[in-house]
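You will see two complexes here that share chain A, one where it goes with chain B and one where it goes with chain C.
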Partner chain A sequence: MKIWIERQKALIDFTLSSLARRKLKNLGLLLVYTVIVFLLASVMLYTHALRHEAAQVLKNSPEVIVQRMVAGRHDLIPLGYLEKLGRIRGVQNKEGRLWGYFYDNVVSANYTLMAPSPESHGFGRIADGKIVIGAAVARERGLVPGNLISFRSYTGKLFVFTVAAVLPHEAELVSADLLLLSETDFRAFFDIPAGYYNDIALSVANPQEVRNIASKISETLPDARIILREEVLRTYESIFNWREGIVLVLLSGSILAFAIFAWEKASGLSAEEKREIGILKAIGWETGDVLKMKFWEGALVSLTAFLLGYVAAYFHVFHFSAALFEPVLKGWSVLYPRFELVPVVDGFQIATLFFFTVFPYTVATIVPIWRAAITDPDAVMRG
Partner chain B sequence: MIKLTDIRKAYHQGQHNELWALNGIDLAIEANKVTALSGPSGSGKSTLLTLIGCMARPTSGRVQLGERDISGLPERFLTDIRRRTFGFVFQQFNLIAGLSARDNVMLPAYPLGGDWRALHERADALLDTLKLGQRRDARVEWLSGGEQQRVAIARALINDPQVVIADEPTANLDTALSREFMAILESLKQQGKTVILTSHDPLVVESSVVDRVVHLRDGHLVEGDK
Partner chain C sequence: MLFQPAIIALLLASAVSVLMLLAATPYAWQLVRRWDIASGSELQLVLERRTYLMSTLLSFVFATQLVALLLFVFNADKMAVMFVGAMCAVGTLNANAYGFPALISQIAVFFMAAVWLVLNHVDSRAYDYPLVRVKYRLLMGILPFVVLAFALQLIYFLNLKADVITSCCGSLFSSDAQTLVADASALPPQQGLWLFYTALLTVIAVAVQHARKLRAAYVVAAASAAAFVAALTGILSFVSLYVYEHPHHHCPFCLLKPEYDYQGYWLYLPLFVATAAGLGVGAIQPFARVPSLAAVVPQMSRRLAWIAALGFAFFTAVATYMVADSNLILLKD
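Up next is the complex of A and B:
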C-alpha cells in the first residue's frame, strides 16, 4: 500500500513537471475544456434550478382553481358560485381567494397582496389596519414590526398600515414580495365589493378524480375557467424542456467543435512524445507505468477543467442570473416576473456531466499512448 | 555473473527481410570487470547489449544472470529484473527534454515507488559526485554534451544497479570528455559495479580501465581477446 502511494505520488510529481513542459498546449486544452464544461453545466444547472423552483411554487398551490370569465376575461367571482361548487362530490375544501398586484413607486417593485384565510398562514386572523410583509419588502423599505407604512391605492386614497410581522426568511422564494392584510382592508384597498372573490381554490379528496371533478364543474358553471395544478405543471415542464432543448441545440455546434479540437489535441501524439515513451520503457518503465502517468495527465487536466467549469457555471447561473443565456431564455421571465434562482445542485446531474466530459477526455489521452507504450524497450537502441 | 550460451537473434523472423544479427554467441562476463564489445558497424554489438540487459529476448539460446536462466521469462519479470539489476547509458543519452537534470535522474526510480524524499537525496548525491550539483535544476537541453552524459550516467545509477550497460558512450564526446568518462568508469569499477559497453573508439578499447575486449563480426565472436 505504502509503495502504491509513493508510486502514485512520484507519478503525479512527474506528470506535473511533464505537463509544465508543454504549457501552451496544456493550458489551451484546459481552457477549451473548461469552456465546454461551463456551457453544459450552465444549461443543466439553470434548467434544473428552474424546474425545482416551479415545483416548489406549485407544491403549495391548490389543485384546482376556478375563475369566472366575462367576455373572455378573468373577472371577479360571486359568492353564489362557491355554494354551487359545494354540491359537487369529491371536493374536499373550497375557499374564495382575494389577491391582487400592486406597484409600489417608492421601490419600483410589484407586490402581491393577499387576504389570507385565517387557517392558511399561521398568523391567525390579521386585524384591520395591520399588515404582514414579505422579507424582501421589509428589506427594501427598511421596515420592522411596529412601523407604519402607507400606500396610495388605485382609487387614489391613502391607506396606512402597521407592520404586524415579517414573513419568515425560508419562505422567501414564494413570499418575498407578499403583503398580507385583512379581508376588510383588502376589499377597501382594491375596491372589491363584499361577496366577490378573485377566484376559488379547491382541494380534492382523491387526486385521481381531478379530471372528473373538473368536467362536473364546467357543467355546473359554464362560464368558469378551470385551472388544474397538474396541467400547469405539465406546461411548465414542456416549456422548460423546450427551452433547454433550444439552448442545447444552439450550443451543440460550438460544443462539438470544441470537443473535436480537444480530442485531437489530447489524442495526437507528437514524435517527441513517442520518443519519450520509448526512453521511459528503455529505462525500466512498464507499459502500465506509462499508461498510469498519462492517465494522471489526462485526469489532472480534465478534472481541473471540470471543477473550474462547474464552479464558473454555478456562479454564472446563481449569481449572475445566467446572463449569457438571457437572449434565449428571456421568455421565462413571463412565468417568473421576479425570480432569483435558489442554488440547487443535483448529484446525478454532476455525475452525468462528469461522465461525459472527464471520461472521454481521459480515454482520448490514453488510447494513442497505449499504442505507443507497447513498443519494445530496445527500440531506443536503434538510431 | 552473466553467461550466454549459443545465443541467436533474428529480426523479422519468417519475413522476406529476415536478418540474423547474432549467430551463436557463447560468452561469460565476469562481475566487477569492465567488458567492452567491439567490432564493425552492424556486427551485432547493440543487439547483444539489449539481450544482456533484458530489453529483448534471444530467438534461441540461453541467458543466465547469476544462477538464474532469464531467457524464458515473460516480459513483466524481465522488466523487473532489468530495472533492479541494470542501469543504461545510451549513445544519444536519451534524456527527456524540458525536465531538469534531477528529474531526469530520478525517472527510472518512479515505477519502484521508493520513498520520495530519499529518492531526491539520492539523486542530489549522485549529481554531486558527478560534479553536476549546481546544474541539477537546469533543463537538460541547456547542458553541454559532457554534462548531458553525466546526467545520463547518474540516471543509470539511481537504482543502484549491479551492472551498468553503455552503448557507444563516447561517440558524442571529444577526447577530453572521453577521458573524463573513462575516469568515471574507473570509479564505478572501484565501487564494484560490472560494466559492459560497446565501442569503436580506440581510446576506450585500449584503455587500461577496460579489463576485457570482445570482438564481434557478422554476429559471431572473433578470437583475439585482450
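Up next is the complex of A and C:
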C-alpha cells in the first residue's frame, strides 16, 4: 500500500512538472474548462437557492386556502360560507383574508394591498389612516415613516395614509410591493361589504389530513377552489427545475463544444510531447504507466477547473446576484424585490454538476490518451 | 419530466456508457476470437495495445455505473416533493411501473460492474493477461443488462408525470400488503433479528477465515449474497422501525432523508462495498490455478475478504448502534 502511494506521488509530481512545461496550452484548456464549470454551477446554485427561498417562504403559509368561484372567476367569500360544512375535523383555525391589487400610475406598477390579522405580523394592530409599506415601494416613491401618501381608489375617491413603518429588508422577497392597512381602511378603499373576504385560510396540523379535508370541502361546496400549500410548493419545484433543465439543455451545446475542444487538445500532441512519451517508454515505462500519468493529468486539470469554476460561481451567485442569469431564471416585475440569496450548497448538485462537466471531459479524452500512450519509442525517436 | 438536471445527467451517463460498450463490443469479440499471447504477429500486437484502451474504457464505464446508482437513488428521494402522495424515494419510484425495475437493474449492473473491475484488476497484475478472454466474454454478458438498465431508466423518466398520485412508503411496506417486500416487512422483529445477525456474523466469520487461511472462497461469495438479502430484510423488518421510532414504518428509503441525518448512507455504502468485495472473492477463485496468477489471486482474495469482513462488521455495528440508540422498545426480554 505504501509503495502504491509513493508511486502515485511520484507520478503526480512528474505530471505536474510536465504540465508546467507547457503552460500556455494547459492554461488555455484550464480556462475553458473553468468557464464551463462556472456557467453550469451558476445556473445550478442559483435555481437551488431560489427553490430553497420559495420553500422557506411557503413554510409559514396556511395549508389550505378556500376561494369561491363565480362564473369561473375568483369572487368574494362570506365568512359564514364554510359553516355549511359544519365543523371540519382536523382544521385548527380558519381565518378570512383581505387582499387585493392596486395599480399605481405614478410608478406604473401593481401593489399588493392587505389587511393583516393583528397577530400575523410584527406591527401589532395597524391604526386607521396608517399604512405599512414594503421596501421596494418605499424606494420607488421615496417614502420614509411619517410621510403622507395618497391613492385614488377604484371608486374615484382620494385616500390619504400616513406611512407608519417600512417592512424590513430581509423580508423583501415576499413583501417588496406590499402595503398593509387596517381592515376598515381596506374595506373602504376597495368598497368591500363587511363580512366578506377574498378567501379563507385554514390551518391544518396533520399534513396527512390535508387531502381529506380538501376533498371533503370540494364535495360539499362545488363552487369552491381549494389551493393546497403542498401543491404550490410542488409547482415551484417543477418550475425551477424545469427552468434549470432548459438552461442546461441550452448550455449543452457548449458542453459538446468543450468536449470536442478537449478531444482536440488531447489528440493534438506536439512533437515535443511525443518525444517525451517516447523517451519515457525507452527508459522502461510501460503503456500502463503512461496511461496512469495521463489519468493524473486529467484528474488534476479537472479538479482544479472544477474548484475554480465552482468557487467563482458561488461568488457570482451569492455576492453578485447572478447577474448573468437573473433575467431567465428569476422572472420579472416592475417592483422587483432586491434580495440576497442565502447560500445553499448541496452535495447532490455537486454530483450532478460533476456528471455534466468532468464526465464529458473524460469521455472525450480517453481515446486520444490511449493513442498517445501506445506510441512506439523507436518510431518517435527516429522521426 | 425530462428537463430535470439530475435526470439529464443520469440519462447522459447511461447513454454514453451504452454507446461506449456497444462501440467496444466488436473489438471485444475480435479479442476473444483472435487472442494468442504466444504469437508475435502484427494482429496480436494490435490486440495487445487495444486491451489497454478497452480496460481503461470499461473501468471508466463501470465506475460511472457505480456512481450513477447513488445519484439515481438520491434523485428519486429529491423528486418526491413533486408527486402527490410521495414522501420519499418510494413514492417517486412507484410513480410508474418502471421505477423499481430500473432501480433493481441498476443494482444488478452495479454488482456485475464491480465483479468485472475486480477481474480486470487481477488480470492487469499478471504478466501474460491470462483473463483476457474471460473478461471480454463477461463484458458481452454484461452488455445486455447495461442496455436494459438504460432502457428502463429512459422509459421510467419519460413516463414520469408529476400529477400522478403514487402510494407512499407507508402502504408499500406495510405488513398487510401481498408482496415479497411486504413479507419481509411483516417478518416479526424477533425472527428478523435472528436472521440478520446469523447471516451477518456468519459472513464475517467466513470472510475472516478466508482472509487468514484462504479457504472456502465460494462460501464467502454465497454468504455475502445471502447476507446482502438478510441485511435488506433486517432493515425492512426492524432496523428502520428503531430509526424512525415508529412500530409500523418499514421504509428503507426514508433512512436516506435529511430528517434522519442521512443515516442510511452509513448503512448502505458499507453494505454494497462489502457485498461487492465478497462476490469478488468468489469471482477470482476459479483462476487461482492459472500459473501466472498463482501469487496474485491469493493476495487479492485476502484483501477482498478483509474488505468484505470489515464492511459487513461496520454495517452490523452501525445497525446495532441504531437499534441501541433508539427510544423504541420492540422486544421485551
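What we mean here is this: the second predicted complex is superposed on the first by the 228 of 383 C-alpha atoms of A that agree within 3 Å, B and C clash if a C-alpha of one lies under 4 Å from a C-alpha of the other, contacts with A are read in each partner's own complex, and residues count from 1 in each chain.
Assume a contact is a pair of C-beta atoms (placed from the backbone, for glycine too) under 8 Å apart; a residue touches a chain by one contact, two chains touch by 3 or more.
Model, not experiment: these values are computed from the prediction.
Chemist: Answer with first, second, both or neither: which of chain B and chain C does A:359 touch in the superposed model?
Modeler: Second partner only.
Chemist: Should A:3 be classified as contacting the first partner (chain B), the second (chain C), both, or neither?
Modeler: first
Chemist: For A:53, decide between first (touching chain B), second (touching chain C), both and neither.
Modeler: A:53: touches no partner chain.
Chemist: After superposition on the shared chain, which partner residues are touched by A:13: those of chain B (first), chain C (second), both, or neither?
Modeler: Once the two structures are laid over each other on A, A:13 reaches chain B alone.
Chemist: Examine A:283 and indicate which partner it touches, taking first as chain B and second as chain C; both and neither are also allowed.
Modeler: A:283: touches chain B, not chain C.
Chemist: Looking at the overlay, does A:185 come into contact with chain B only (first), chain C only (second), both, or neither?
Modeler: neither
Chemist: Pick one for A:370: touches chain B only (first), chain C only (second), both, or neither.
Modeler: second
Chemist: Scan A:382 for contacts with chain B and chain C and give back first, second, both or neither.
Modeler: A:382 contacts chain B only, not chain C.
Chemist: Just chain B (first), just chain C (second), both, or neither: which does A:248 touch?
Modeler: Second partner only.
Chemist: Find the residues of chain A that appear in the contact set with chain B and again in the contact set with chain C.
Modeler: The answer is that chain A has no such residue.
Chemist: Can you list the chain A residues touching chain C in their complex?
Modeler: 44, 233-234, 237-238, 241-242, 244-246, 248-249, 287-288, 291, 348-349, 351-352, 355-356, 359, 362-363, 366-367, 369-370, 373-374
Chemist: What part of chain B is in contact with chain A in the complex they form?
Modeler: Counting only chain B, the residues touching chain A are 46, 49-50, 55-56, 76, 79, 82-83, 88, 90, 92, 94-100, 103, 106-116, 119, 155, 159, 167.
Chemist: Considering the complex alone, what residue numbers of chain A touch chain B?
Modeler: 3-7, 9-11, 13-14, 17-18, 21-22, 272, 276, 279-280, 282-286, 289, 376-378, 380-382
Chemist: Inside the complex, what are the residues of chain C that reach chain A?
Modeler: Counting only chain C, the residues touching chain A are 2-10, 12-13, 16, 20, 49, 52-53, 56-57, 60, 64, 67, 70-71, 74-75, 78, 81-84, 124, 162.
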